[in-house]
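Written below as structure tokens is the structure these notes are about.
We just call them A, B, C and D in the order they show up, numbering each chain from 1.
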Amino acid sequence: MLTIESMQAFIEAYAARLEELCAVLDDLDNRIGDGDHGTNMARGFRTAADRTASGTFQDLGALCQTVAMALLSSVGGASGPLYATAFMRFAQSWNVCTHVDYAKLATGVAAALEGLRARGKAEVGEKTMIDVWTPAADAIAAHPDETGLREAVSRATNAALATRDIAATKGRAAYLGARSVGTCDPGSISSAMFFEELADAIAGGVTKTTWQTSAL
Amino acid sequence: MLTIESMQAFIEAYAARLEELCAVLDDLDNRIGDGDHGTNMARGFRTAADRTASGTFQDLGALCQTVAMALLSSVGGASGPLYATAFMRFAQSWNVCTHVDYAKLATGVAAALEGLRARGKAEVGEKTMIDVWTPAADAIAAHPDETGLREAVSRATNAALATRDIAATKGRAAYLGARSVGTCDPGSISSAMFFEELADAIAGGVTKTTWQTSAL
Amino acid sequence: MKKLLNQADRYVDEMLDGIVAAHPELKRVPGTQVIVRAHPKAKVALVSGGGSGHEPAHAGYVGDGMLDAAVSGSVFTSPTPDQVLAAIRAVDQGQGVLLVIKNYTGDVMNFEMAADLASMEGIAIEKVIVADDVAVENSTYTVGKRGIAGTVFVHKIAGAAAEAGLELAEVKRIAEKVIQNVYSMGMALSPCTVPASGKPSFELGEDEVEIGIGIHGEPGTHRESLRSADDIVDTLLERIFAKSGIAPPDRVAVMLNGLGATPQSELYIAYRRVAERLAERRIAVHKTLVGEYMTSLEMAGFSISLLKLDDELTRLLDAPADTPAHRQR
Amino acid sequence: MKKLLNQADRYVDEMLDGIVAAHPELKRVPGTQVIVRAHPKAKVALVSGGGSGHEPAHAGYVGDGMLDAAVSGSVFTSPTPDQVLAAIRAVDQGQGVLLVIKNYTGDVMNFEMAADLASMEGIAIEKVIVADDVAVENSTYTVGKRGIAGTVFVHKIAGAAAEAGLELAEVKRIAEKVIQNVYSMGMALSPCTVPASGKPSFELGEDEVEIGIGIHGEPGTHRESLRSADDIVDTLLERIFAKSGIAPPDRVAVMLNGLGATPQSELYIAYRRVAERLAERRIAVHKTLVGEYMTSLEMAGFSISLLKLDDELTRLLDAPADTPAHRQR
């Protein structure tokens, strides 16, 4: 079950993870983009965590809206509006809920994915975070339970690693054409981390990927 | 004896020597100046050699005046006006002479030194070419014969090497203050080469210094 | 790469303070990364911006005859929508605001979100998206061409249109016309280093160069061995000619833009060849800009932009401008 | 260091061709390395110059309100007397010529020889020698201070005096007044590479900087470890204050000059501190220039120049100028 407390814990854990792996994400983005994805994400989720840690929230809607606004005003770049959109959709889906079950979790993630697609106009296979959010959302929708959530993490991880072999057609890596093959998409890796931390905050016991640059 | 032919040979030999050792002089100048002394000198004496090789000259005055004008219009920097001045003084000293003996050679070199001092306003010990021209001129003046000329070469060489221990107070190296100690003055080295080539053209059999950067 | 800075996370903030300290004709909207004219004018307003690290873009173009506001994000990172909104609010004089956006996913999304918010506040808002970089294949399936140095021509010409008192739709039409007619391509001899990361954006061998480079330190479309300035200029120009179809009797404005570390002497050596090639092709040059107009921190390299002119664009290009980075009378 | 060039020995020649190709308001005196205005004016003429590699100095300052001719030597090498003489002849309108020389043995000797030759031709000629670099101790026993970026203020102010129709002695008096009142000091984060040699002018460790640098790639007065931008600015300013005695109620113009590869963003970060320190000391800033005015090829680093103003200098500094590298209205 996702509660206000586990959501707060998730935001803090994800912020800490991004700070820890900031250089890995920057490195990836350096190779096929402009080298700031880790810095952007860490800055954004640190801001979000600081704003949500202290506050008291009536419901998950208010909490997710606060995260969305924090991201929107602190990230910039492509990832800012995208992750902010995801949280806006969470906020709409979980409005007036103080906690949500797996079914509502699945609805929220599906709504977030739809938001990302509308915002970024990317399809699966274009080497963007859509490649990760899509199988993750599918897995939870197919099995709206703990198994489905763990399945979502493992599919997200695999999908993130699989972006290595794709030539980007959206986002900044698209300008490199075929040269983008051979490096994982940074936004996909940060998205896979997102599902790892989310599942860990909800269900616990998630074995986290080490995400070492050399393997990405 | 210095003749029109040996003067022409000297200019050509000195130009070739400067081309060969251009990088050494540039390196020295890099360390304590602006890195162009070899390039400047090679450009200038190549121009002078090209203009004097082909021409026929009435006397050493005309020849030296041609060299002076070639240097003046092709070198620039500090060394251009200085070496040009030396040749203008040669021209004045050896006007209407088709050849000069050691006594007249001594007069010419003394006049050149006086010209250099007037132009550059440097004294012995300031880490400039004056440090080399002064003992060389003295040696020829003291013994206006082949021995004196050979003595001039050896004093010039030693004086050039001795500039390593001086802190410059004139020329571009002066801006480095004490940091100029430890590197030979490039203009002093090119001047020592000058006397080597001059003596070789006049008297032959001069053992030439290798002038390796590492030793300067 | 050594940097002249205090703390990486204060880089943009301190730069903006330095800009307004140096240029009293500019001011900073308090609490934001927005630079505006100290003395606003009653006219359609132009807002441009993007990540920092492209100086003098974008704040250097704020002033008479060009922009009304510049929004600066973190280095190479699009500014956030709230910053763009702050800029829009600061400059709107009731006659509407045109956003000049460079075609990057991040910039487009952040500026569009701001535009939506501004519309909701009743501000008349329009946008144009600059996509002048011919290095990248344009296709409906991809993100399309990037916006690079040609953007400066949009600032200049749309800025002159706004200054002349034209209404929003007209200023937008003219900006679109510039965008339709401007073609750019760049190359790099060395990478740049984003202060926050401290690492070079890519590694190049001692005799390698990147062709088709953007302005955010991204690698280019391909890597080549270093050739003469003339050869490199020819390579960029060939592609610009092929993609633009510029041919006699076209008349052009040319920008030879340094990316940061290339000495002006070398920019002029490159421009010499551009002029030679244009003369050979009998393409008339109406105006030339050589210098640093849209940089990538301390990247060595340059870009060439050609803008095909008609009478309207020519007149507006020739209008006076008085900004820190571009002045003409 | 990769260079954008064709052949090292055509570097200056091709650069000059590029300059006149880009700026039709300038022209090259045929067969020389001299750049002059395409439309000369009947007035006292100003000639400046020196080695190349300092672009936009010196040709970039040829134009209305500044210079009449710029003479370019090889990179970092003073031009020869015949070149300087060609410049003098090209610009003399019968009202005399003022030579602006930077205090380097080579420049002084070559320009003075040209002045002697010009005098012999009956041209009224005067000279001033700029020596603004406070890094170097001034003493009658040494070569004295170098001329660096402060020279641009001499071009601007003496140029305005000449443009205003003042006679040669007056223009010279004013130039001397600028020289007496301008103080500069620079530092480098990285060396530069002269094209002909292809080697960096010095080696610096990853956390070392050179303080008290000149503009020809020479090492500075000493080496330090890299500190914050604020600390570095403070170091340079302390020495400038000590040497100049500038104190309230003095009013100054400030130039923060990039040496070639330092991004404008970092120049503004440095300027922010300069402004802060001047405000602390209650020294009023009348005008600020931030950018590349007198460079050392692609050296990273900057210099600060302070010019103490009186009413006459202020008026002339504020006069219009229209040259490729400096325009003001």
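Going forward, a contact is a pair of C-beta atoms (placed from the backbone, for glycine too) under 8 Å apart; a residue touches a chain by one contact, two chains touch by 3 or more.
For clarity, every value in this text was computed on a predicted model and none was experimentally measured.
The set of chains touching subunit A and also touching subunit C is empty. With chains reduced to the mean position of their C-alpha atoms, the one farthest from subunit C is B. Chain centres here are Cα averages; for subunit A and subunit D they lie 54 Å apart.
The mean-CA centres of subunit A and subunit B are about 74 angstrom from one another, to the nearest whole unit. Subunit B and subunit D have Cα centroids lying 32 Å from one another. With touch defined as above, residues shared between interfaces to two or more other chains in subunit D number as follows: 75.
Chain contact topology: the protein chains form an open path, each linked only to its neighbours in the line. Counting only pairs that meet the touch rule, the chains in contact are A-C, B-D, C-D. Residues of subunit B that touch subunit D in their complex: 23, 26-27, 30-36, 39-40, 43, 72-82, 119-120, 169-172, 174-177, 179. Considering their complex, residues 2-7, 11-12, 14-19, 21-23, 52-53, 55-56, 60, 75, 189-190, 206-207, 209, 226, 228-230, 232, 256, 260-272, 275-276, 288, 290, 292, 295, 297-298, 300-302, 322, 327-329 of subunit C touch subunit D. Residues 51, 73-83, 104-106, 109-110, 113, 135-137, 141-143, 146, 194, 196-197, 199, 201-202, 214, 216-219, 221-222 of subunit C touch subunit A in their complex.
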